[in-house]
Structures are given as structure tokens and as C-alpha cells.
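Just below sit the structures, each encoded as C-alpha cells.
Heads up, the next two complexes both have subunit A, just with different partners, subunit B and then subunit C.
Let's look at the complex of A and B:
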């Protein structure tokens, strides 16, 4: 279980949320929604360990996260191109996380030809699928999916979530952050509003 | 439809044209720069001896750039002068690039205090008028070739240091570096894989583009009389000498060395642009 306990956070004196607790169990998709600027992404980044909360703790199965090893919580961006080194080809970008196996790659529809390209030579949907593939390394048990399909067309969106739902059935836990309540009601077991 | 695609083609940038042209121009510029010291060593003392029978001659086929008041060939003097400038520029750019890189690393590694110290240092150096600082250092060191070289070397780092510091901060907080950390990559792997490849092109292009500045400042210092000894031709010295003769109608003494200096500076500019084009990942597979 990925848990945020009594989290508080704010920017420059204004508080975004206080004493907030949130749990993402394995094998579930928890939805997180709320109006713009309410701190959805900040909460996601705190759970992923990218930001430090002003108070409170994030624990994984009751333990604080380990540094220097593969993090079992991975964060997926709305705009994945920023999460890729523009000077690296896709194959190197993927191998930084794990030597991706062919089955997972095929399930995300990433052909061999894509591997030799640079990030700016991929479409938005291709980039997001590469980002998901990279984050699905063995040992990753929770994903923070921050508006990952907001920029994709409905068919691509549905396909990507279908792959992720299969992973959830295998034990993955996902925090799905989105403005799209219809999407969250469709995929998430529970939906929290911020 | 045909009309429409025609107008869109006009708006779109050409796919090959600019890049190929930039690279060809850069290669040609590099060859010109390389040819200078070679020409200087091939020429040796040819044309450098006084020949009072042929003094102050306008350009002819025997003397393309004319001759000066001692009958020395201006083309030979210009080539030797530009070669001197080249060495001063090389030393100055390398020293400046080194100083800039070290300061940028201190700013990145030294936390808030280190960053503040480096920023203040950069701002303070940039805040002084450049030529005044050059003259001060040159004067303090007693003039001469080494003083000019040191003065030029010690004053050209702030601009590159500022760029490198900003790039370092940017890449350190880039999403892909944060991601790499969460994939369990070590600080060394991140430095080697992400930070250095990002900074190296900036250092390289910055160093090449520092050359023309250094050469122009060397010429200015020599022109003002701080510089190199009179026996050794320097482009600033040639220009300073020509001042006395320009009013008497000996225009070639100033025009050709001046134009050559301009051409050398433009060569470095073309080389820098070419390097930037090669190193940009966005053009890698065009």
C-alpha cells in the first residue's frame, strides 16, 4: 500500500492542502480529481517523491522509500517529452530504467523502428506509450498517472488505459489524476476530489 | 489544392538547404583559419625585411597588400599579425572556457552560498566596462605580449560562465534528470549521461565564439600601445601604424589588415554556427 499520511503542502506562504491522507492499495486505480490549481499534481509529485511535503510522511507498506535504487513509485507526466533527454534515442531512454521485454513493448504497440528515433521525432501518443513502458520496470508497484491521456484522442486513450488495467489486475496500483470525471468513473474504483 | 500546398511550402522551412549550407561555410571557414599559421610558417621571413627601394607602394601583383614605410610586404605582415592574434585568441579562449566551467561547477556544487558567490563574481566582472578592465590588467602586469594574453584571458569568462551556470541549473532540475534519479541512477551516471553531454556543446560553441572577441580585444590593446613588441607584427600594431599614413593617402596600410581581421572574425562566427548546427539533436536525422 502506498500511503500519504497527514500531508501538508503549499507554495510561498499559501497552503494547498493540510493534513491530507491518501492511500493507493495494490490492484486498484484510485482517481484524483479537482479544479485547476488545487494541488493535484503537487500531491502526485509528493507521493512519487519528487517534492518534499511541508509536513507528513509518505510510506510504502509502512516503510519510508529507499534512495539510490529503483523507486517502486513512478511518476508519469502529462507532457512526457520533458521526461526524456532530448539527446538520447528511445532505446537508451528505455534502457535507463530497465531492459524492456518484447511482450510489454508489443502490448504498448511500440515497434522496433521507434527505438532508433529521438523523442522529438515521436508523436504525443507514441511518447506517452514509451513513458508508460519505461515506468513498467519490474519492481515498480505504483504509478502516479498525472493527466497522462489528457492530450490523446479517445481511441489511443482507451487503448493505453486497457494496457494499464491489465497491469492493475496483475498487482499494480495507480493514482490516476484527471479533470475527466467520466474517465475516472470508468477506470477507477474510488475517486477522491481535492 | 495545388495552390494551397504551394503556399504552405513557402511557409515551411527548407529541410536540407540551410543546414548543408551552414556546414559547408563552416568547413571553409575552418580551412581558412587553419591556413593562416601554415602560411605564416611557409612564408618565414619572406617579405619581412626592409626594402627601401620599394617603400610605400600601392598594391601591385608583386605586393598584393602594398608595402609599408620600411618597404616590408603588407600581406606577409598581415598574415604574421593574424597568426599572432590566433595564438593569443586560442590561449585566451581556452583559459576563459576553463575558468567559466570551473565557476559553473562551483555554482552547481556549492549550494546556495556557492551559487551566490559565483553570481556576484560574474555580475561584478560584467558590470565593469570590458576595455577598462583589459587596460587595467595589462597596465598592472607591465604590458608586453604576456600581459596582453593574460588580460584577454582573464576577462572573457563571465559571459560563458553565466550561460553554463544557467544550463547547469536547468539540467539539474530537468524532469528527465529527476526521472533518472527515481530509476536508481547514481550521481555519476547522471553527470556522465545527462549533464556533461548537455554542457559540452555549450562549452565548445562558447569557446569558439569567444575567439573573435579575444582577437578583437587583443588588437584593441595593441592598437592602444599596450601590447606586443614592435618587431613582432600584430594586427593592432599595423592598424596603429597606418594611422599616420592614412591622411597622406596610403589607404592600403589600414584597409587590408582591417579587412583581414574582419574576415578572420567572420570565419570564427561561421565555424561557431556550424558547430552549433552539428551538435543540435533536433537536426540529427534530417
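Let's look at the complex of A and C:
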């Protein structure tokens, strides 16, 4: 179980949230919604270890996260182009994370031709699938999905979530951050408003 | 006569492959649709489908390596290099996607007055304030610089700038991207109001639910091609009255419907 305990956080003297606790169990999608500027993404980044909370702790199965190894919590960006090295080909971007197996690659519909391209030569949907593939390394047990399909058309959105839902059945836990209440109602077991 | 007619619009980009060889990548093929007065036409497509390029082709703001062919007519008059100066900012206006289109070095009031002057009108300070007020902006916005505005306010300032010359055709490129539900609703109702007042509006968006709420017709673009034109009212129930296969797939893929049961 991925747990944030009594988290507080804010920018420049203003507080975004205080004493907030949130748990993401394995095999579950937890939805997180709320108006712009309420701190949804900040909370996601804290759980993924990208930001340090001003107080409180993040624990995985009751233990603090280990440094220096692959983090079992991975963060997925709303605009994946910012999460890639623009001067690397997709091939190198993926192999830096893990030697992706053909089955996972096929399930995310990433053909060989895509591997030779640079990030800016991919469409938004293709980029997000590459980002998901990169994050699904063995050992990753939780994903923080921050508005990952907000910029995608409904068909691409449904396909991507289908793949993630299969992974959840196999044991993955996901925190799905979204403005789209209909989407969260469809995919998430519980929805938390911030 | 339609306000705007687009026929067989094709677009490709020229680029170098290696040092010498030139190659062309085709990004739009055979796009065609009409917009009438009083109508909001939604142009829907995923990212990379080419929907913003249609707007850029219309306004002649494509990068230099773009090759455009096809016919675009405004009230029957061919839109080209010679007629554009009389149309842009006067008869047709673009509401750009990002607030980076505002001048970071000038306050909002000056930018509004410049837009009016470029469109052949001079406005006084009071007119500028009235224009901001129409979009729910306080008079203090006039003195503010773009970096002092929130995303929703910046979008409304751009709306005020785009509509200051009362254009007949308004093209809004992803006007709600990055806005919360309240701000998005405000912008979209204002676009609807512009159409109801007798103008034509093109709403470029990737969000089908948003388009359906405010548009009369929906044009769907996928991989640079037109894959269907539907009446917004036909997106209802099981989607049986939708004529195009893509329209049905899109409707079925919504989380509030079957979430992708049909194959695109």
C-alpha cells in the first residue's frame, strides 16, 4: 500500500493542504479530483517522491522509500513531451528505464517504426503510450497518472485506460488525477476530492 | 451563401532529408466544410490530427516550409494573399490557443487598442473598459501586464481583443485548454453568444462533450483527413443516428458511454 500520512504542503507561505492522508492500495485505481490550483499535482509529485512535503511522510507498505534504486512509484506527466530528453530517440528513452518486452510494447501499440523517432515526431497519444510503457518496468507497483489522457481524444483515452486497467488486475495501484468526473467514475474504485 | 467555405484543403511540410534531398510530409488531405452565420461548428480531433493547422492555413500563419492547396472562400471571396489584409482582424479573427500570443511587454489596454486600430477602428479608454467588462473582467485589467493574469483571465483578454472589431467569423483554437470548468463554461457561452448574434464560430477542440454542449455541427478530423460531419444533436442514446463510423466510435469511447466497446 502506498500511503501519504499527515501531508502538508504549500508554496511561498500559502498552504495548499494540511494534515492530509491518502492511501493507494494495490489492485486499485483511486481517483483524485478538485478545481485548478488546489494542489492535486503537488500531492501526486509528493507521493512519487519528486517533491518533499513540508511535514508528513510517504511510506510504501509501512516502509520509507529506498533511494538509489528504481522507485516503485512512478509519475506520469499530463504533457509527456516534458518528461523526455528531446535529443534522444524513443529507443534510448525506453532502454534507459528497462529492456521493454515485446508483449507490453504490443499491448500499448508501439510499433518498431516509432522507436527510431525523436519525441517531437510523435503525436500526443503516441507519446503518452511511450511514457506509460517506460513507467511499467518490473518493480514499479504504483503509478501517479496526472491528467494523462486530458489532451487525448476519447478513443485514444479509452484504449490507454483499458491497458492500465489490465495492469491493475495484475496488482498495480494507480492514483488517477483528473478533472473529468465521468472518467473517474468509470475507472476508479474510490474518488477523493481536494 | 455560406460565411466560410473550405474545399479540398491539402497541406504538407517540405523538409530536408540529409543535406541535399528534399521530402514532403503530408499533414492534411482533402479537408472541406462550410460555416454558416448563426452557427458554431466544432472541429474535433486528437492531438496531432491537424485541426489547428486548418486554422493556421485559414489565417495564413503557417511556417514557411508549408505547402497549401485548396480553396477557401469568405462570403464567396477567395481568401489569399491579396484579400487577407481586408479580412484578418476585421471580418475574421483568431482566438489563439495559448496566452503566449499576448505581448508580454504591453499592458492589456494597449493591446486591445492596437487590435482595434489594426482593424480600422479607434477606441477610447472607456470603450476599452466596456469591452473588458463584457467578458467579466474588472477595469484594473487594462493596466495589468499578461504575466499578472491567471489563465482564465488571459483567455478572456484574448477574447476581448479578438472580438473588438466585431468580426463575422471567430475561430477559437482550443479555447478551454488548461481552464477549470467554470472558466471554460464562460468562454464557451461567449462563443455561443457570438454565433447567436449572427456571426459564425469555429470551435477547435479535442473534447467531444464540450463541443456537443455548445456546437450545432461537428466535423471530425483524424490523421489529417475528414472522417465525418455530424449534427451535434445526433450524439445521443446509443448513437444510432450517427452517420459516420468514426462518429459512432468516438461517441462509444466516452467514459459516460461504453468507454471504447466499439472499434475505431
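Here is the rule we use: the second predicted complex is superposed on the first by the 194 of 194 C-alpha atoms of A that agree within 3 Å, B and C clash if a C-alpha of one lies under 4 Å from a C-alpha of the other, contacts with A are read in each partner's own complex, and residues count from 1 in each chain.
Note that contacts are C-beta pairs under 8 Å (C-beta built on N, C-alpha and C of every residue); 3 or more make two chains touch, one makes a residue touch a chain.
These figures come from a predicted structure and were not determined experimentally.
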Using the superposition on chain A described above, determine whether A:49 touches subunit B (first), subunit C (second), both, or neither. first
For A:7 in the superposed arrangement: first (subunit B), second (subunit C), both or neither? neither
Examine A:179 and indicate which partner it touches, taking first as subunit B and second as subunit C; both and neither are also allowed. second
With both complexes superposed on chain A, which partner does A:114 reach: first (subunit B), second (subunit C), both or neither? neither
Subunit B versus subunit C as contact partner of A:97, first or second or both or neither: first
Could you say whether A:125 touches subunit B, subunit C, both of them, or neither, answering first, second, both or neither? second
After superposition on the shared chain, which partner residues are touched by A:133: those of subunit B (first), subunit C (second), both, or neither? neither
Please identify the positions on subunit A that touch both subunit B and subunit C, taking each partner from its own complex. none
Quick check: in the complex, which residue numbers of subunit A touch subunit C? 35-36, 122-126, 151-159, 161-162, 179-180, 182-183, 185-187
In the complex of these two chains, what residues of subunit B are touching subunit A? 174-176, 178-180, 182-186, 193-194, 197-198, 281-282, 284-285
Mind pulling up the subunit C residues that touch subunit A in the complex? 44-49, 151, 177-181, 206, 208-209, 249-250, 253-256, 259-260, 264
Inside the complex, what are the residues of subunit A that reach subunit B? 48-50, 68-71, 73-75, 77, 82-88, 96-97, 117-118, 120-121, 137
